[in-house]
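One chain, chain A, links the two complexes that follow: it is found with chain B in the first and with chain C in the second.
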Partner chain A sequence: MWHDAFLVAGKDLRIELRSKVALNQVVPFAAVVILLFGLALGPNRAVLSPAAAGLFWVAVLLSSVLATQRSFAVEAADGARDGLRLSGLDPAGIFLGKAAAVAGELIVLEALLSVGVAVLYGLELTGALVLIATCLAATVGLAAVGVTYGAIASGLRIKETLLPLLFLPVAAPVLLGATKAWDEALTGRPGAGAGWLGLLVVFAVIYVAVGIVAFGPLLEEA
Partner chain B sequence: MSRNRLVRLVGALGLVGVIATYWLGLFVTPNAKLFGSLVRLLYIHPSMAWVAFVAYGMAFCSSLLYLWPRTRHARFDRLAGASAEVGVVFTGLTLVTGSIWGRTTWGVWWTWDPLLTTTALLFVLYLGYLALRRVPGDPEVVARRSAIAALIAFVDVPVVYFSVTWWRSLHQPPTVDLAGRHLYVHGIMAFTLFLSFVSFTLVYAWLTAHRYRLAALSEREEDEGLDLALEERRAEGVLA
Partner chain C sequence: MAPAVSLREAVVLSGRFPLLAGASLDIEEGEIAHIRGPNGAGKTSLLRLCAGLLPLHRGAGFVLGHDLSVERRSLRRQVGLLGHQSFLYEELTVGENLRYALRASGADRHRAEPAAARLSLAGRLFDTPVARLSAGQRRRTALAVLVARDPVLWLLDEPHAGLDEEGRQLLDELISGSRSRGRTVVLCSHEHHHAASLADRVILLAGGRVVKEPAGVA
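Showing the complex of A and B:
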């Protein structure tokens, strides 16, 4: 299973490195979102900086929809989905591989975006350890939910509008936990943030387990 | 008793029950000391929430039966869809009646209370599920994916509830006092409350049975429609 996961993740990341869709489209999209938040809330730093954690995670959530869509758009072309089924790879491995690739892209995005948020919203990134750990745990959860729903929506005719509707409500607890953890760390209470971090780890475990179980039936169909 | 007559009986009993609840709730039961006439919402709001819960539980169970290879049958898919649809309607009604309660007791239409927030997320979660069911495509593929989505949605409910509860309990005490959830009911009030649970559950069963039948009929129409049209065309050819 782990070997298969490595193969699939390597394949997806290689495609991204060559096509650079994530870099050229998803990252700029996230930048646009945080710029728009700035415009919507006004230039007042007293408003922006307390909301920064929430805005950052909403931007990540919206971008992860795009990253997931991209992850399955790759499989839709040239009958790649059938190729994947014929390859004899373990479905759980395929799920883990695709989720790992999406998670890797999101981590890079979060690193870039946090710099953007710090600059635009006038934020000091304190409690770096909790911030980074939160990113890791939340991203694993997001990628797992995203890839599971991506597989549910993939190959259907109206998937573009369906995926956000399916994905975002389920991802809401992750948004909640990650925002609170970041909030606590940024306001100088990393200890309180650690509690939320634990919750995010539990979510990640649940969503990964659900994805592993669900992916087999999702792939086996015609 | 044939299935049709049973459905009709359930519908009639549900209707009588709802009318009796209406009459008892509005004209017979007394005002509560603390809440006045508003207490009458008690006779519809909790039973609506209960029906939504039952409906989602039913959708979960039938989705599980559909996914299990030995019990895989289109009827479980139809039942899950019918039940979830009724559940979404009752979740919407729960939110509306809860909102009315909130406006009159706490002065706000909405408060970020764990139960309310969870219900609202549940509402959009199952709207997504219903949207997935309506996607055109191979019925078996859509049915299987819908069943998986229903399972994930159900697993997600405690996750959402727990996180929202924790979110509200830390640092931000609720801005409004949520008194009234532990209202003491007795006598005729308790009976009316009980009656509302029974009659709303009957209405749920009746609506779900009809929605199920409608789904079965529309599937049959899709299957047989083309054959019928072809036959008619052929008959025309024979005549000419």
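Showing the complex of A and C:
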């Protein structure tokens, strides 16, 4: 399983490095989202700062839909999805590999986006340990949910519209937990954020476990 | 010795529409079988069933000893399918696609270079992304994957399509040489006379069923 996971993750990341879709489309999309939030709420930093954590994670959540769609778009070209099934790779390995690649891209996005949020919303990034740990746990959860539902949506003609519909409600607990954890850390209460962080870890473990079990049948049936 | 492919009243459905409507046939190990039939006869579905890509809805089917009702996934590493699609990743080079396919199937990745050289894809082309290749070169790359993997069962759907004269000749050699390597080949083609000249046996498919099995070459 791990050999297959490394193989798939390496392939997906190599494709991403070469096509630069995340860099040229997903990162600018996330930047535009936080910029638009800023325009909608006005230039008053007293309004923007308290909302920053939520706005950051909404931007990450929306971007993760794009990253997941891209991850399955490469499998849709020229029958590669059938190629993936024919390869004989362990479905759990495929799931872990694709989720790891999506998570890697999201981590880079979050690093860039947090700088953007700090600059645009006048935020001081305090409680770095909780912020980073929250990013890791939430990203694993988002990537796991995204790849699981991506397997369902990728086999259907309505995949572009179906994936957000399936993905966003299930990812809502991650959005809530990550926002609360960041909020607590940014307001100088990292200890209170640790509780939400624990919840995120539980969600991540559940989503990964479900993905490992469900991905094979989903890839076959969708 | 059990046949490499054995189907009994095999039914494959797409929704309610039958892709295969009770096909029965045996293809022996080491045999080259040419499946012929009009458009919509079920040729591609038959190959996809044998590759473990389509589920068997009714009837019985065994491919390389694997029961198609329960063991489709374990079968797949032993079969190679050259279909209408290349199954290649556009952003990866020819070499990267070959190595990835070999590593995924558990084969030695060092087979990539010799296979590419055999299909005239060595040198600059080996390091060229598939997106920049012509249709014929893509077809050669897909064929090179098959050559590198050298699966026990070769499933070829219109394999000559898109190949130039040199590529067609090479493909013919590969098909003919499969006997000596103990490989089984199932070949679907609309180039009836050419395919039949390569095959040991011709199987006629119509309406998702085997309707006639002419003795010798048709």
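Keep this in mind: the second predicted complex is superposed on the first by the 220 of 222 C-alpha atoms of A that agree within 3 Å, B and C clash if a C-alpha of one lies under 4 Å from a C-alpha of the other, contacts with A are read in each partner's own complex, and residues count from 1 in each chain.
The rule we apply is simple: a residue touches a chain if its C-beta (ideal position, glycine included) is under 8 Å from a C-beta of that chain, and two chains touch if they have at least 3 such contacts.
Everything numeric in this text was worked out from a predicted model, so none of it was measured.
*Asks:* Given the touch rule stated above, what does A:11 touch, chain B (first), chain C (second), both, or neither?
*Replies:* A:11: touches chain C, not chain B.
*Asks:* Please indicate which partner A:218 is in contact with in the superposed arrangement: first for chain B, second for chain C, both, or neither.
*Replies:* first
*Asks:* A:83 contacts which: chain B (first), chain C (second), both, neither?
*Replies:* Only chain C; A:83 stays clear of chain B.
*Asks:* Going by the touch definition up top, name the partner, chain B or chain C, that contacts more of chain A.
*Replies:* Ranking chain B and chain C by residues of chain A touched puts B first.
*Asks:* Along chain A, where are the residues that touch chain B in the complex?
*Replies:* The contact residues of chain A facing chain B are 148-149, 152-153, 155-158, 162, 165-166, 169-170, 172-173, 176-177, 180, 192, 199, 203, 206, 210, 214, 217-218, 221-222.
*Asks:* In the complex of these two chains, what residues of chain B are touching chain A?
*Replies:* Within the complex, chain B contacts chain A at residues 67, 121, 124-125, 127-129, 131-132, 135-138, 140-142, 144-145, 148-149, 151-153, 155-156, 159-160, 162-164, 166-167, 170.
*Asks:* State the interface residues of chain A toward chain C in the complex, per the touch definition above.
*Replies:* Its residues touching chain C are 4, 7, 11, 14-15, 18-19, 74, 77-80, 82-83, 85-89, 91, 216, 220.
*Asks:* What part of chain C is in contact with chain A in the complex they form?
*Replies:* Per the stated touch rule, the residues are 51-53, 55, 73-74, 76-77, 79, 81, 83-92, 96, 100-101, 103-106, 129, 138.
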